[in-house]
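In what comes next, chain A is part of two complexes: it sits with chain B in the first one and with chain C in the second one.
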Partner chain A sequence: MSVGVLRLRLSARRGRVRERIAGYLFVAPAILLLGAVLAYPAFVSLRLSFTVAGSPTGLGLDQYRLLLRSSLFWQVVRQTGTFVAISVGAHLILGMLLALALNRPLMGRTPLRIMVLLPWVVPDVVAGIVWKWILNPLYGVLNDVLLELHLVQSPLEWIASPKLALFSVILANVWRGFPFVMVILLAGLQAIPEELYEAAAIDGAGPLASFRHITLPGLRKVLVVALALDTIWEVRRFGLIQAMTGGGPGTLTEVLSTQVFKQYFQFFRFEYASAMAMAMTALLLLISIPYVRMIVREE
Partner chain B sequence: MSRSGRLCRVVFCALVAGALLFSVLTPARSGELVTLRFSNWHLVEDVWGRSLREAINIFESRNPGIRITPEPISYAEKEPRYQAECAARRMPDVVKLHNFSLAMFFELGCAADLTPFVQRKGPGFLKTWYEFPLKMLTYRGRLMAMPDDFQSIVLIYNQELFRAAGLDPKRPPRTWTEFLEYSRRLTRDVDGDGRIDQWGFSIPASKNPGLPLRIMPIVWSFGADFITEDGRRSAMNTPEFREAFRFIVELATVHKVVPPGVTTFGPQDVRIQMAQRRIAMKIGSAWSYPIVNALNPQLNAAQVLEAAPVPVGRRRITAAWLDAWVMSPHTRYPEEAWKFIEFLTSKEIEKKFFEDNRVISSRKDVNTLPMVRTDKFSRVIVAELEHARLEPFIKEWPEIFDAFATALQEAITGAKPAERALLDAHTRVEEILARRR
Partner chain C sequence: MPGLFSSRSPLAAAAIYTFLLAVGVYVIFPFLWMLLTSLKTETEALQIPVVWLPVRPTLKAYAVMWIRKNYAVYFLNSTVVSLITALLSSLLGALAGYGFSRFALRGRGVLMGFVLTTQMLPGVLVVGPYFKILSAVGLYDTRTGLIIAFLTICLPFATWMLKGFIDGIPRELDDAARVDGCSWLGIFARIVMPLVLPGLVATILFAFLLAWGDLLWVSTLTHSESMVTVTLAIARTVQEFYVNWPELMAGALIGGVPSILLYLLMQRWLVQGLTAGAIKQ
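Moving on, here comes the complex of A and B:
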């Protein structure tokens, strides 16, 4: 082999190495930033969750043992499950119905689409405060309407009632969160070719058959995305619940996020709160598996 | 680029970084402008915020080398944020905290020791303050904060509503039995539509930092306490505690003298109810009248509202409110921060805070001023300081009170029978204190 060819190969290899290094340099700021704001705090929290005062190594599973033995923790897990399941289910139904309606050629469709999006742009805490006022037994507008319509005899204590409190919080959360699912589904609907519906109509398919055999399969991927993201967000929902009930009455509207906040910032039980946060993270990772698998498969 | 060019760049960058680091880490030399970060939840409030900003202006005009940067913060956010900032050694130089979270900040090492500064001022310096707050702010023999407001909790009532219900406005209820009787008479259907629209009493029974202040006087006056004197066991299973608990719960469930939805009320909800004449009595302190007045100037709160000692049960006792100025342990300017704290706790500024906000000082020489002694609210609040005590000064107190508040809400809303709810709270407090033991 001549010296010239060797030189050429060497320079090509150098070029490839340089290119690779440049690639790493380009992503380095993002990796550093993510490391600083995500990985490091997560590591600290993980270490805290295993911290045991008085143990020779300083580490142990005590916090997790305490967590698993706590009846309040399991009650909160159940309540979180109920809150998330009903919220996500209602978001899906409401989001789908509105997406289907707003996908049709309606008069004033654009302003309607913007209007339906409004609850999504309201900050969590503001939505909580507004709903607290709507449901207030003394001044609340909802009780006024129900009394005027003679649907109730006396004002209902929505968020103060053990039977209605969780339902009231879910109601506010459904209002707050359905636009997100609706927007994703609307985007998915717009990607389904119109010709498929025309062909189905020629073959005699009714609206229900079209929905079942064209719309639903066409929306499969966006449905997975919407469900996974919405579920993750609802498990983390904090501001709305904190502003409306603070977890009360008693502990009947406590969810994992409000408990982690309380244990950490109000009761100063950093290790225990970290263990709870880790349990919550594990749950969220489990929920995100279908979403991640879908992305990996596509790639 | 040549090797020497690259070297020049590296040297230049290192120099710039070094200069930046140096400027951040070294204290200011004399003659340089020092900027202190000052955080206080009152900064977001209209009246209080203005008063504080005026005080800052006075301080800056007298200390041209020191600039104060106000950092407003919400009441609920302050503890979590200061904690996180303290862990990152970025806590504002001077912050205000109140009693219930001070113990935790001291334990975490998030407060600078003020003892050396105080000692430098001479032996008589602290004599101007009440002993009780100073004792509360002393941790392991060191003074960790300087006291600011120190007020007792009293009964605030609407004289007009008393008169309308046939009660003598000059004779407020003195015992809890009288209080209940008054509350019953003040709970009325005023507009005659068949529905109750005015209640005798209201209390912010949601889980909020203001609840302990309003609950403790009732519990204590029944002769009960939340934990034993040595702070090692729960005392929520005593007959006195059960009696006090039942009394509070039955105000809502049996006598119905509090508005519906009481477990969702925060302090501001109760003030709104008082401003709108929906309730006749509430438990509060010096801040009540200016806030109610701002909510509804037509009420003429200064004339209509009156303060009286909290009714007495087995003993005459009430709760105290104490807040204090804390210096960050990581401040780069401890001398300047102390200067600012000294200014904020001076007679001149404490007098100004009284004039502007009607808050009672922890300085005896301010509370003996004629303007304080002749004010109808302050007179009662200062007099009641003699019977006032603070919540337990332990890190676990917020969790202990949460156990109580949970039981209270469960009993009022009927989620659990009162006895069962209280027993659960007692068990939880025992568990909390077992961790401490």
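Moving on, here comes the complex of A and C:
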């Protein structure tokens, strides 16, 4: 092997090493920052959740035992489940119907498409506040309209009523969340080739058949993305509920995020709150598995 | 184009337009009601039956909120903190996105999994310890502390979004510049960034909206009046014993308008940015 070839190989290898170092330098700031401000505090919470009462260094499952025995915890889990399931379900149905409607040549389609994302753009606190006002039992405009149309006999209590409180919060949350799902689904619809529908029509497929056999399979990927992201966001939803009801009346609209917040910053039960937050994290990671797997497979 | 609503009968068309009208009312009415209420006097807002249009519209509620209730300060706080967060997270996210997109890093899968996982963590998991850490290093109740906290929400998204955009730019451009002796950083700054500009704008906007809309972190990491952001101010006002609704609606609009304006100005890029990752095959 001549010296020249050797030198060339050496410099090529040095180039590759240098390239790898450059790559690490590009990702380092983000990774280090996320490690410091997210991974480390998460680890502190994890450690805190295994605290044993009366022993500063001991590790145990005391907090989790306490958590699983608390009827309030299970009530909050149920309410979170209801809140997330109905919100995401309604986002999906409304988002899908609207995306299908907007995926056709219609008058005023573009302004409508732009306008519809507005609720998703404003802070969720703002959404909570305005719906709180619309649903005000005494002066609220919705009661006024319902009474005027004779749909109800007497004003509904909405967020003050044990029966309607959670539903009222969900109503506001549906308003805020369905536009995102719509936008993602519409983009998915537009990526489905027109020819597929034409071919199906020639084969005599009706609208329902072509929806089932062309639209739905074509949307599989965007559906996973939209559902996963939406579910994760709704499980974490905090500002809307905090501003609208603060978890009340009583604890009837408490969800996991508001409850962890209260346990931590109002009752100062740091260890217990951490255990609850860990349970919530486990739930979120579980939900995100299909999404993460899809992304990893693509890479 | 057809899909489910393919029948061209007038009945179907009528059904679609009715549906669109209903959705349009559902979407727009709360904004309209916010605006109308904010222009009323308190007496007018509390009349039964409801007065739909303010008889003599007044901007008094805005004046009260902006000046006497300090919303000018809160607005400035929100703007400064969200803007710096958005720019910083997009810059760091672009660097990391470039690194992930272009380099065969060892442990790339693990690192990207890490970024993706941080995106799933709930804020309430870290907000408590984070509060203690900030207090220990003297950053509690400062804008800097808040910005660092907001980075945790924005950076994972920014990295992920921008990696997607950079993936869409042909590698050959990099290689050509590399042959011409351009450094990696030079390629990043002079070739990749200009091409990825629409995506960058979308990311900055998205990060801004996330930071601007936050309530959890500001309620835990600040306590003094001069650090309050608009969202925190609105959330506090609604919890007061006595609520003046025209004023609160004015406050809510003050908190919503920047997001709305920025979105309207840049909606094309935002929608592209949100959907690029989802429909990329």
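Just so we're on the same page, the second predicted complex is superposed on the first by the 287 of 299 C-alpha atoms of A that agree within 3 Å, B and C clash if a C-alpha of one lies under 4 Å from a C-alpha of the other, contacts with A are read in each partner's own complex, and residues count from 1 in each chain.
The rule is simple: a contact is a pair of C-beta atoms (placed from the backbone, for glycine too) under 8 Å apart; a residue touches a chain by one contact, two chains touch by 3 or more.
Model, not experiment: these values are computed from the prediction.
In the three-chain model built by superposing on chain A, chain B clashes with chain C.
Of the two partner chains, chain B is the only one that A:A160 touches; chain C does not reach it. Judged by the touch definition given at the top, the superposed model places A:F238 against chain C, while chain B stays out of reach. Applying the stated contact rule after C-alpha superposition, one finds that A:F267 touches chain B and leaves chain C untouched.
When both complexes are overlaid on chain A, the residue A:K132 reaches chain B and chain C alike. Contact with both chain B and chain C is seen for A:G246 once the two complexes are overlaid on the shared chain. When the shared chain is aligned, chain C comes close enough to touch A:R104, but chain B does not. Between chain B and chain C, C contacts the larger number of chain A residues. Touching of chain A by both chain B and chain C, each in its own complex, is seen for residues 132, 136, 138, 246, 264-265.
Looking at the complex, you find that chain A touches chain C at residues 19-20, 22-27, 29-31, 33-34, 37-42, 44-45, 48, 94, 97-98, 100-101, 103-106, 112, 114-119, 121-134, 136, 138-139, 141, 144, 147-148, 175, 179-180, 183-184, 187-189, 191, 194, 197, 201, 207-208, 210-211, 215, 221-222, 225-226, 232, 235-236, 238-239, 242-243, 246, 256-257, 260-261, 264-265, 270, 273-274, 277-278, 280-281, 284-285, 288, 292, 295-296, 299.
Residues of chain A touching chain B in their complex: 132, 136-138, 154-155, 157, 159-162, 245-252, 262, 264-269.
Contact residues of chain C toward chain A in the complex are 1-7, 16, 19-20, 23-24, 26-31, 33-34, 37, 45-50, 92-93, 95-96, 98-100, 102-106, 109, 111-130, 132-133, 148-149, 151-152, 155-156, 159, 184, 188, 209, 212-216, 219-220, 230-231, 234-235, 238-239, 245, 248-249, 252, 255-256, 259-260, 263-264, 267, 271, 274-275, 277-279, 281.
Looking at the complex, you find that chain B touches chain A at residues 79-80, 83, 104, 108, 195, 206-208, 259-264, 273, 278, 395-396, 398-399, 402, 405-407, 409-410, 412-416, 421.
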